[in-house]
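Next up, some structures in structure tokens.
Next come two complexes built around subunit A: one with subunit B, the other with subunit C.
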Partner chain A sequence: MNYMFAQLIREWRFMLTQKYILVLLLCTLVISGFSVWSGLREINQQEQTIQRLLQADEQDRSETQAKYSDPGYLAYYSFHLTYSPPSAIAFAALGERDIYPWKHRVRMLALEGQIYESDGQNAELAQTGKIDFVFVLSALAPLLIILLFHDLYASERASGRHDLLVTTAKSGLALWGARAGVRFITVILCLMLPFYIGTWISGSSLDSVLQVSVWSILYLLFWTLLSIWWGKNASSAPRVASGLIGFWVLFAFIIPILGDLAIQKAVHSPKGGDILLTQREAVNDAWDLPKETTMDAFTATHPKWKNHVAMESMFEWKWYYAFQQVGDQKAESLSQAYRQAAHQKYDLSGYISLISPPLLLQRQLTRVANTDALAAFAYEQQIRDFHKRLREFYYPPLFKGLNLGRSQLAIMPRYKPEAHKTKNTSTTPQLH
Partner chain B sequence: MNLSAFSTAYTIAKDEWRYWLRSKIAITVLIIGLLLTLSSVIVTSINMLELNHDRHDLQNAAEQTFVEQPDRHPHRMVHYGHYAFRLPSPLATLDPGVDAYTGNSVFLEGHRQNSAMFADQRQGTALTKLGSLSPAFIVQVLVPLLLILIGYSSVSRERESQTLTFILSQGTSIFVLIAGKALALISLIGLILLPLILSGLFTIGNGENPIVVASFLLGYAFYLIIWALMIILFSTALSKNSESFTALTFVWILFCIAMPRIASTTASTTVPSAGKLETDFTVIAELRKLGDGHNANDPAFAKFKASLLAQYNVDTVEDLPINFRGAVASRSEAELTTVLNKFAEKRMDEELSQTQVSRNFGWLSPMVAIKTLSMISAGTSIETHHRFMRETEKLRFDFVQSLNKVHVEQLNYQDDINRNLNEKSSKQARVDSANWQVLNDFTFTPDSPSTRLQRSVSSYLQLLVWIIVLVGFIQLTGRRAQ
Partner chain C sequence: MIKIQKINSVIEASSLCVDINTPPILKTLNFQVKKGEVYALLGGNGAGKSTTLKTFLGFNIPTSGNAKIDDQEVTEALDTTREKCAYLPESATLYPHLTARENIEYFLSLANIRKSQDDINQAFQKVALQQDAWDRHMQTYSKGMRQKTAIALALLREAPIFLLDEPTSGLDPVAIDEFNHLVRELALSGATILMVTHDVYGACQVADRIGLLRNGELVGEFDAPENGRIDTEEVHRAFAQKESA
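Take a look at the complex of A and B:
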């Protein structure tokens, strides 16, 4: 034990004398720190935005309610905020939140016409991507590890000390193990320390921190072992590193890109524009169709209102909202297929990620942080559910021709984001 | 450099090529590089041409269905709305830029400015988060790495095998040696850029301006030359192959992998921009003051009503020779559009200043500089998307106001008022479908060549400064090595 400890101390001292390793480690620490700091800021901004939106939304709706009392007008002019708050650990994996919307305002009109609107971020910045902890870990860390470990043997061979070292050392493990161990622990510290500080600031759950830690360390260990193994018998360090960087390019770019091409070819999805077009045609044609046609289609799915569909004027709100709903119904099969295709693509990319460690890590961590496409799909479903509740709230006054009083307005549905379950981290692809 | 020095440099370059062709790694890397560039050019070209075709058809279909609508109340058509699609520019085949990240179609309707919908990324696989198979990405990120793998030892190798002193003692200047090595790398760059150049010529055939294409390609040539110079610099300054390799790889990681994302993250954290949703609240509050254009009795229009009555010298709106409801709709649309445009412009300005912050990182990383230059030249940068939004807004306003004009002039006020009474009155309150021919043909074209060239000046400047600084450093280290 004492002997091992002495070995480690020696290797630690030896590492401190190698300037380029120190520069590498320092850069790792700085970049990891930057990613965590900016991630925390981003999440903070998202939370503040949600708070401001909630306030503005509340005020906007109360102004609308002061102005209108007719349920038809009220439903037409009342928007409702829905949102998906970031999880505490989202700072480490910002995920798809810059591509999928996490805030949305809907009203009682046809949902298919509203749900694809995106409150997008700056597209040029989104195209570049952000530097979050997951990116540092999955893309940058392997390269740093390659630089740190590829010349473990080769550098000693090149300087002619290799054989001397091997013969004087008690065992190979004492020599190379201590050297690799010291480097590995230091690089993990430099990468993970900022992350742990971040989790402490954000108050992430222990469970999620543990999951991220396990995946991260496994991932780093994979690259370290690969680097050491690949360089075991080589004498030219650059040659070893070239091969390792080749692996990295293969895992990080080639496999994902080919996988993407294959999946895009294999999965057929209706065009988003077609959903919108179908919905628009249905809604607009309704103005010229006999009212019974619309009402029949509506009561087919909402039999409750069968006896309330008679109309006294050429325009009544209940008919207006009925044809909005019928528009959604007409577009439903397309919309389902569209969502299913997106889901299927996500599932299939799970298979691809099995042969690409960087992707696998990204997938696992964004799942833990609930910032992946699945989270976005779940949020979309929550919007749909909320829209349904909203409609069910308005239908009674609309079809019975009542005004909405204060007491009823008070029980108007409000959007509540569903709490995210960190437990559900299964990424085994499931096909439909 | 005199003639004999040039021929020596040429010999050295030829020799370097011979060395590469003998080295298994260099050959593999070279083949991979060519394959990647070539396949990315082919795949992206096919993709973008398909997209172009699709969107063209969709645009025509949208115009077709609009004019084919039956007789209707004109305001119904305002809500029926219209679609506009953004056609990719010819050079988007080399750099798709923001195309997949912004929606590429906009639904245009009365009283609202919708954002672009259906960004391709949202229907994507999330597999291409690290990089995509676009020629731009391949050349910006992977080709420099390949150049490093091939060239890291160009000078350090001579030093390590002690041939350097030999060469120098024979009277060959170190600068001639450097020039020869650089020549070899530059010819390699020419080879790798060949697919890009061919594809660039192809885009000229598709209507792209030749000067823009030349500027686009020249930018990439400059960029890769910067990497060649960087390789020469480190290879000359450091005495060992392995040191040169490690240093170059590290620089590459910083410049190509870390810096672009540090730039975009810095931009979005230092210049926070309120999303559309948030500004919408302010817009709604301002709009509420303007009154609802559907409701001609809205008190907000009292003044307008009075002025109209005075203008036509009548006492009631019924006596007006024009349709008062149409007039209100038209006026409120104009007022509302002014407000909407004010906020839209503000948001675009914010996005632009964000982007500017990110682009300034071009002084710290040549990759950021070429990325900007490439997107701007190709017409796939955020500016082009903004122009798309502005042009579609104009299209929207024009067709809505044309319909409102029909509403004002061709629909009797009494008929309009009675539109909901019964079946007959509803039919009465319609206008002939011949009026739907109000759409202007919409074809989105990229910014003019001169605009794009002007915008790319600062990125060119960044690249040139990089070249000058690197040449300066090479001179310094060369003199030391002499």
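Take a look at the complex of A and C:
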């Protein structure tokens, strides 16, 4: 043990004499630090936005409730903020939070259109991307590893030192093992140190930090072993580097791009805009349809109100909200197909990730951070559940023609996001 | 006084065949180097000199026959046999961003050998490396100075066996004389030395025995007379004859 420790110390001192390695490691530390800072800033902004919107939402609803007692008007003018708060460790993997919306202000109108109305602009947002820790780790760290390890053997061979080193060293492990070990440990420290500081600032759970650490170290180990193996018998460092960069392009770009193309080709999905259009057309058409047609479609799914659909005037709120609901019902099959396709795409990309380590790492880390597509799907479902509770709250006064009193308003459903295990509210041990 | 580990060291090649490419580089090579002996393998380009040395260092695996160091098969006891050998490559490029002293310390640490600064200074003096260069970065060194540093390293390892690959290549005549003197001193101290060279004169100056190598085969051997040196003319003639055959 002491012997191996001495070898590591020697190689550590030797590494400190190599300026290009020190510059490379410093760059790694700076890039990792920037990604963590940028992620923390983004998450902080999202949390502030949520807080600001929560206050505005509360005030807006209070004003509406002071102004109206008729449930129809109240439901029409009351907005409800729904949101998916970022997990404590989301700063490290922002994931799909810049593609899928994480906040919606919903009303008791047809819901599907409200969910998918931002689908068009999110595609553009997705192109800009963000430099978060998982990006640095999955895309940039392999390059750093390649730069650090590609010439482990080749530079010694090219300079004529290899044979002298090998015959002088007590064992291969004492030389190559210690040299590679020191570089590996240092690169991990440079990459992970800013991350650990970030987890301390954000109060991430120990469980999530451990998971990210294990995946990250396994991923870096993969690239290190690949770089060492590829360069073991080579004498030309540039040739080794070229080959390794080829692997990087293959794993980080070609496989994910081809995989995405294959998935798009294999899985057909309606667009968010199609759902929005179908639902809005159904709502618009309802104005010209006989009221019985709308009410029949409504009571088919809500038989409880069958005896309360008779109308005494040309316009009644219950009919208005019934055709909103029928609008959702008409878009239901499209919405289902959309969600099913999204799940299918997510599952298929899981298979693709098995042959693309960068994709696999992103997938695992966004899962831990609850920022992946599954988290977005879960949030959508939470909105639907909340909208259902809202309808169940408003339907009795709407269909029975009653006003809403203060006591009833006090029990109006409030949106509460589901707690995620990596949040501060977690029962798992905290870092501080 | 040069310190050498006490072992009955010999280097032995018996029916040694190394087949990396076609035709084989070494074909049934037989020779033996006794303890305290300097053996020079002499041959032209492509004769198999470096291959022989690399086989004894364990970089080439014999196709057949044996390559033994101190009665141990090299391929079967790689770490042990390497530990007994100090290797001096033809072009000893140590780390240019380190000083000679730092290079020596690094390589000794690799071999798990502890030496005092005095020992290192003595080794530098022994190889006649000028004192003002000891703590200078080696990127400013001439080839001869680098070679001297590598020789100092070999001495400090106190190995009983020295494997030298074209050891005087790049050295000036004075340094060659100093080196030859050093090699003789090593042999007197009990070290076994196998050197490969194409320098007929240099080999005759220092070797107790010379083996002529051609196309991977030993085609002649010359022994030094008692208290004398091998006749350069004779070796030169044989070398030229064999090379032109």
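Just so it is clear, the second predicted complex is superposed on the first by the 410 of 432 C-alpha atoms of A that agree within 3 Å, B and C clash if a C-alpha of one lies under 4 Å from a C-alpha of the other, contacts with A are read in each partner's own complex, and residues count from 1 in each chain.
Quick note on the criterion: a residue touches a chain if its C-beta (ideal position, glycine included) is under 8 Å from a C-beta of that chain, and two chains touch if they have at least 3 such contacts.
Treat the numbers as computed from the prediction; the structure is a model and nothing was measured.
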State whether subunit B and subunit C clash or fit side by side on subunit A once the two structures are superposed. fit
Vertex subunit A; arms to subunit B and subunit C (CA centroids, nearest 10 degrees): 90
Output check: A:154 vs subunit B and subunit C. Expected answer is one of first, second, both, neither. What do you get? first
As a test of reading the superposition: which chain, subunit B or subunit C, is in touch with more residues of subunit A? B
Between subunit B and subunit C, whom does A:301 touch in the aligned arrangement: first, second, both, or neither? neither
Please work out whether A:163 is in contact with subunit B alone, subunit C alone, both, or neither, and reply first, second, both or neither. second
Touching partner for A:293 - first (subunit B), second (subunit C), both, neither: neither
Looking at the overlay, does A:264 come into contact with subunit B only (first), subunit C only (second), both, or neither? first
According to the stated criteria, A:403 is in contact with first (subunit B), second (subunit C), both, or neither; which is it? neither
Minimum Cα separation between subunit B and subunit C after superposition, in Å, equals 13
Can you list the residues on subunit A that touch subunit C in the complex? 3, 6, 10, 14, 17-19, 159-161, 163-171, 174-175
Where on subunit B is subunit A touching in the complex? 25, 29, 43, 58, 65, 69-70, 72, 76, 79-81, 83, 97-98, 100-103, 105, 107, 114-119, 121-133, 142, 145, 149, 152-153, 240-243, 245-247, 249-250, 253-254, 257-258, 260-269, 272-278, 280-281, 284-285, 288, 351, 354-355, 358, 371, 375, 381-382, 385, 419-423, 425-426
Within the complex, which stretch of subunit C touches subunit A? 54, 57-59, 79, 82-83, 85, 87, 89-95, 97-98, 102, 106-107, 109-112, 150, 153, 157
The residues of subunit A that touch subunit B in their complex are 20, 23-24, 27, 31, 34-35, 38, 41-42, 45, 49, 52-53, 56-57, 60, 63, 67, 96, 99-100, 103-105, 113, 116-131, 135, 138-140, 143-144, 147, 151, 154-155, 158, 236-239, 241-242, 245, 249, 252-253, 256-257, 259-261, 263-264, 269, 271-273, 276-277, 280-281, 284, 287-288, 313-315, 338, 341-342, 345-346, 348-349, 352-353, 358-359, 362, 372-373
